[in-house]
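Here subunit A shows up in two complexes: once beside subunit B, once beside subunit C.
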Partner chain A sequence: MTGVAQYAALSRRAILNTFRQPTAIVPALMFPLLFLAMSSAAFERSIALLGFPQVDSFLQFVIAATIVQGALFGAVAAGADMATDIEGGFFERLIASPVARSSILAGRVMGAATLGFFQALLYFGITIVFGLDVAGGVAAMFLVALTAGVLAAGIGSITVAFALRTGSTEAVQGSFPLVFVILFISSAFFPRELMGGWFKGAATLNPISHMIEGLRFLVIEGLSASKFLTAFGISAAVLVVGLALAGGALSGRLGSRA
Partner chain B sequence: MLIPRVPSTFVPSIVMPAFLTVAMAGAFSGLVLLPGFPAAKALDWFIPMTTVQGAAFAGITTGMGVARDLESGFYDRLLLSPTSRSALLAGPLVASVLRAVIPLVLLVLIAVVSGATFAGGAAATLATLSIASFGMALVAGAWSLGLALRFKTQQAAPLMQSGVFLVVFLSTAQMPIDYLTGWLHAVARVNPMTNVLGLAREGFLGAVTWDGTWPGLVSLAGLSIATIAFAGRAMTKVVP
Partner chain C sequence: MRHVCGNTVSPALVADPEPLAASAETRKKEGFLSRGRPIEPVVVENLVRRFGAVEAVRGIDLHVSAGEIFGFLGPNGAGKSTTVRMLTTLLKPTSGRALVTGHDVVGAPDAVRRSIGVALQDAAIDPLMTGRELLRLQAVLHGIDKHEGRRRAGDLLEKVGLTAAADRRVGTYSGGMRRRLDLALSLVHEPQVLFLDEPTTGLDPTSRVALWDEVRKLNRESGTTVFLTTQYMEEADHLTGRIAIIDEGRIVAEGAPAELKSRVGEPALRVALAPGVDRLAAEATLLTFGEPVPDAPDHVAVRLPGGAAQVGAVARALDEAGIEVAGLELRTPSLDDVFLLATGHRLEGAESSAVLEEADAER
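Let's turn to the complex of A and B:
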């Protein structure tokens, strides 16, 4: 089997694995939508506040955050799947086979990226039915989905690294609250202009705020190269860090076996 | 005994409400600028909700503990022992209420340190908040116990949590009833949790009055009766 075929086969396995586990995928898909439905109905009147961006609806303001939320939640599943492979012994069989070590990581990361990308398009499809207007059109939706896919790959890499270090599904799922914290201490659900005190400072320091604000601009105002590159650059940076961590963790696990 | 021995079942009921208090009061601090918003600070609006939610999640740990005992077979021994079913029902429910003391104390401390407004006076505010919290711990405990006895597995935990999450958030958890729009406004109007949160918030938003108190008490009584009946029915059917 060639190197490319190895990458393709393990990526395909991870993607199918992701989509065949309704217990893992449905909460990651449905919870952000449920939260979106509730927050849109709850905070609709807040868009009249002075300092709130000019939007048609709270739905238009918050859809970018919902997409990022879905990508983050779904990415945790990549790490959990890797831990399951370790616990179940499949990882040992992969290591014993003549596959490239990097393809083991690539498979899981591709699974997370694919879920993040298509989940974003699904969210757009559903919310457009409920009246969402995307100022940047189809191109903006594609760019937002692309960024979400890269972010999902990045967070997926970090959770895969955690799985390789601990070898425990429970420990990986225990990292979920960290994702929750990163998202909530940001401008994901309310504009920074209307925050105050230390929370505003923390949200400003959080790169997730700047990523979501970049994506939000594409939805509210229209296409902008600088806003997209800011959002995409942050996602890509997360991916680079995640891959470095996952690579180190894989080396560590292989080294401990030697 | 689950609290010190299985912290993973209980810690989330302390950590999550504390985090949600910080996150919601911080992120949505600008909401108080809305004309007619009933609270002077976002903290006054959100901390009663997160306290009640924390108490409810503390109550759920009872059901999770029973589910664990059912899986391990320990509960079979309880069922075969000369213990009345009513004692097996009442014991975990009392534990649910007692467990709610921990998040309640923690969040009251956060409220004091963060400068929450006890507009109705400290004693009356704490009294109404405590009644709402202990009541919801009982309701959530009975709900989770009923599910544990029916499903006999810890895999029912997400169902226990989702039920409480939905009841809380499909109410005035995030915004006052007059600010809610569309379907959420309609659901929150008939959701008894709206009255329970009204009871919990009463002292943070103004004076504690009988008119502001009785709807919450009636709602708690109704929810308690319904969920205890749900658990009691499951208890009569469970066999070793």
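Let's turn to the complex of A and C:
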């Protein structure tokens, strides 16, 4: 029970920290929504293009990408907060206590996952007010939010690993543009069917494309076990890789004291 | 003079460096052993820490007794913080051995962590959390249940005078408040040994003295052993019962502050002569009390073996000889003098004791 309480307490701290830093919460929460508002207005007529998925609105097409974007941005904040703990000395306070080393990672990762999950539900709530129709209903929204949470945990683990390796908030924040690149070289904001050349090849190779397309299906078409499992599987794979990297980075940081 | 660990040290300043491996009989007699385990909260034997080619700690031995406030005094870069980081399991020793509350810092780090409280330099406290939240978090990290954690958080906030600020974010706290909170955080699990690494560096004199009071109170009321590093000789002098002085990674002197100072030499009386006073006459009077000490032309100084008890007699003798004085100053040896004698140089960062003494006296 002690271990669970420690995970919960460190997760709670991670979430509180995010909400108490306007500079962290604004990019994670607001930018995807602003981008959603702009792209919905600008590309509304693109849904009439031949080859564009059958959707009610561009909003219905892009909401899955917005949720993934929010999860990715929030995950960068997890790494930045870990780096801040290292720079400020709080990390040493943690390791000077008998807390399980895994809790230090799990607290941050669970914090990112929780934010990613509830952020997705929040985005659904806001966009439903503006006319979004989710074909898969409440179950689809839950599954999309769950996948977003796992993805946030996975990307959060990678940024936490980066923080543990560098110990620098600036270095972690410097990875922010990379998240943009990963997202833009995917089918997040435009269907692969309408892409061409090297960009289509790159988007096809990008696992984020397949994850978003799986989530998009739940929104546009309805529930599908295979589509959900594809999306969730990619998120889970990112999490496994991320945790391995973060675990290695934590061992490296603790080992550097030997 | 003899050499200790390569440094030239006055033999008078070196406490008998009883090795850790002293006979069991000897140590039992002195209360060091209980059922075969050391009961001293901190026992260090030939501890070494290297960073590449740099040897930050060069084979130190230490023994800290239960319930004492032990001071670890030295200038910046002397090896104080490196030693504390090894004793608190944050850094592995290159060689040597350290037992804290009977547990090996390398072999049983978790057992050490459960039994110690640590307040490192710069009060590493999350500025986004409130004091109460941090105390509760610290309680959870030490495996204390929620209800008990709440109770202890409330008690400690009261104890360090932060109840009114308990629900404010730490980012709004002053330096002194942060240090007091840091102290409370290190006490939440009721540790047997409290490590304070330069707890008052950067604090104003009043906040510094307030923190001294907290540490004294804690030591007096709960019997917690305190291991304190400092670069301020006044802090070591006023707060600790026994000190070790470290310089360039080696311990150059160890003992009670008063004992160390007494080994430096006798107090000196410094007489400031009034304008126009015959210096030779003043010297003749003063030399009947002790050996001369070189001083400025308008001052005459002599060793005064009797210290303060003799000052009255000196004043009367000067008065009877018709020698007008502008002032009398009795200078007792300071820890800086101890440090100077042990190392050949002054302690960096030593600051005016007058300010701190004044602040201490005001309380």
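By our rule, the second predicted complex is superposed on the first by the 257 of 258 C-alpha atoms of A that agree within 3 Å, B and C clash if a C-alpha of one lies under 4 Å from a C-alpha of the other, contacts with A are read in each partner's own complex, and residues count from 1 in each chain.
Going forward, a residue touches a chain if its C-beta (ideal position, glycine included) is under 8 Å from a C-beta of that chain, and two chains touch if they have at least 3 such contacts.
Keep in mind the model is a prediction, meaning the values are calculated, not measured.
Touch criterion not met for A:Phe162: it reaches neither subunit B nor subunit C. Shared-chain residue A:Leu94: touches subunit C; no touch with subunit B. More subunit A residues lie in contact with B than with the other chain of the pair subunit B and subunit C.
Look at A:Phe228: by the touch rule set out above, it reaches neither subunit B nor subunit C. In the superposition on chain A, A:Phe217 makes contact with neither subunit B nor subunit C. Of the two partner chains, subunit B is the only one that A:Pro27 touches; subunit C does not reach it. Legend: residue contacts after superposition of the two complexes on their common chain; A:Leu194 is shown touching subunit B, with no touch to subunit C. Touch criterion met: A:Gly51 reaches subunit B, while subunit C stays clear of it.
Of all the residues in subunit C, the ones that touch subunit A in their complex are 88-92, 110, 113-114, 118, 120, 122, 124-129, 133, 136-138, 140-143, 145-146, 169, 185. The part of subunit A that touches subunit C in the complex is made up of residues 2, 5-6, 9-10, 13, 16-17, 20-21, 85, 88-90, 92-99, 257-258. Put simply, subunit B touches subunit A in their complex at residues 8, 12, 15-16, 19, 22-23, 26-31, 33-34, 158, 169-170, 174-175, 179-185.
Those residues of subunit A lying in contact with subunit B across their complex are 27, 37-39, 41-46, 48-51, 174, 177, 180-181, 184-185, 187, 189-191, 193-200, 202-203.
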